[in-house]
Amino acid sequence: MSELLKMGRAVLDAQPFSVYMHAELAALEPGRAELMLDLGTNFLQQNGFAHGGVIGYLADNSLTFAGGSVLGPNVLTESYSLTYLSPGVGDRLVARAEVVHHSRRRAVCRCDVFSVEEGDESLCATALGSIIAVDS
Amino acid sequence: MSELLKMGRAVLDAQPFSVYMHAELAALEPGRAELMLDLGTNFLQQNGFAHGGVIGYLADNSLTFAGGSVLGPNVLTESYSLTYLSPGVGDRLVARAEVVHHSRRRAVCRCDVFSVEEGDESLCATALGSIIAVDS
Amino acid sequence: MSELLKMGRAVLDAQPFSVYMHAELAALEPGRAELMLDLGTNFLQQNGFAHGGVIGYLADNSLTFAGGSVLGPNVLTESYSLTYLSPGVGDRLVARAEVVHHSRRRAVCRCDVFSVEEGDESLCATALGSIIAVDS
Amino acid sequence: MSELLKMGRAVLDAQPFSVYMHAELAALEPGRAELMLDLGTNFLQQNGFAHGGVIGYLADNSLTFAGGSVLGPNVLTESYSLTYLSPGVGDRLVARAEVVHHSRRRAVCRCDVFSVEEGDESLCATALGSIIAVDS
């Protein structure tokens, strides 16, 4: 496991809400992050689909990790725009974020969130966000 | 309690994720919704502030309820943009959403999320989103 | 005329594109800006409504002026989200922007764009954006 | 020239504002559009860079054309989020938009805007937007 991924997982484990969401950092490389979680019963809305708040959590946090992969560990999401594309159904959700452009203090990242059902992925949301470095 | 608020609370209670988030619909009137939750330990990030995912959940869901208050119960959030303004600290978070404009099938809503500490409110995020009616 | 409005008008006049758009800064106060233009034939799309690009220009620039009213003259729009609400028809467009929250270096502003027909205003778009101070 | 591109250019030519902006539809294929313009003096801001309103026009309109390439000619941009990345300098601006996901009535598209200086491209903005089909 790379040092970057190890550090990323330590940050995720230090976020009580990410522990509460059972999120897992599957990959972290310079400019790229992949965050996932199992779509347990707690994460659904009234029609049995993934709740938007779960998708939003994954999108936001994967954007932050992608930004942090180029800006360093002290970052936060400043803003993001998210569009839902199709209902999130299946066993798990995977968010894949990448840096589009960055300066020393700010990274603009995009992210796609997929639902996975028996190995088949389906795009359920896409997002665009700005991550900024903060003084430690 | 109004019929609208009663119906809104029934919808919220039917969302397993909202139950998992211990969210409470404090108000629901035509064109306006207020959603809140206690800022328990599970909802924090690594620095002790409210996790962005919690703020995003509240923003998204309060926008949906505001939209649903004018479009009817079968609605979903199509997209939203969220900007974080200051760290969420204190005892609870309150999201207040209102309809800016709506047609028969779509409501554009804005929302402010406040953190509350010993009764003092502090604006911690603002959002703009589109809610659409779906066929039941 | 206030010093702030005088300075704002000088900035607008120094933007060749704003001159090309015949834009007029109607008001500029701390935390608030109003930008307008006459809806001439050049500003329409194929169905005779205001072109989205004209509405977007007004929204973006009014957000920048609102941000500049609290951050100082050296600012730029970092990002914005814009939602169209109804066709822009009539004699002119007016964008009214206000600061929602600001720190020393960044202002988050919202803005509504109205079309005006024989004195009657109609909301045609709404936007949310982030303005940042840049070193002069 | 493909029928689709021919039709797209006819739509662009029918938009008085696009004529005023001297915009040119360089490419239009199912799911993809490329819109450009020469960065003449009229299109600058006070520091000699491309005015944000010009970049926003290109982003918005290229998103609409990309959406129209899969939804048909009667479309409009419902909303978009735009982030500026670096100053637009050089001879021209090029916006490249693509469809991320679409249903029968709605296409979600992203777009990158580049400034071109002596043949070298530089990314100056990125956007994400929703395009909807309207009844003709």
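We just call them A, B, C and D in the order they show up, numbering each chain from 1.
Here, contacts are C-beta pairs under 8 Å (C-beta built on N, C-alpha and C of every residue); 3 or more make two chains touch, one makes a residue touch a chain.
Just so we're clear, the structure is a prediction, and the values are computed from it rather than from any experiment.
Residues touching across the chain A and chain B pair largely coincide in numbering: over half of the numbers involved belong to both copies. Comparing the chain pairs C-D and B-D, the larger number of C-beta pairs in contact belongs to C-D. Rounded to a whole number, the gap between the C-alpha centres of chain B and chain C is 28 angstrom. Centre-to-centre, using mean CA coordinates, chain C is 21 Å away from chain D.
Centre-to-centre separation of chain B and chain D, using mean CA positions: 33 Å.
The set of chain B residues touching two or more other chains comprises 78-79, 81, 83, 130. Of all residues in chain B, only 78-79, 81, 130 touch chain D in the complex they form.
The touching residues of chain A, counted against chain D in their complex, run 81, 83, 85-86, 100-101, 108, 110, 112, 123, 126-128, 130.
Against chain A, in their complex, chain B makes its touches with residues 11, 14-21, 41-46, 51-54, 56-57, 60-61, 64, 76-84.
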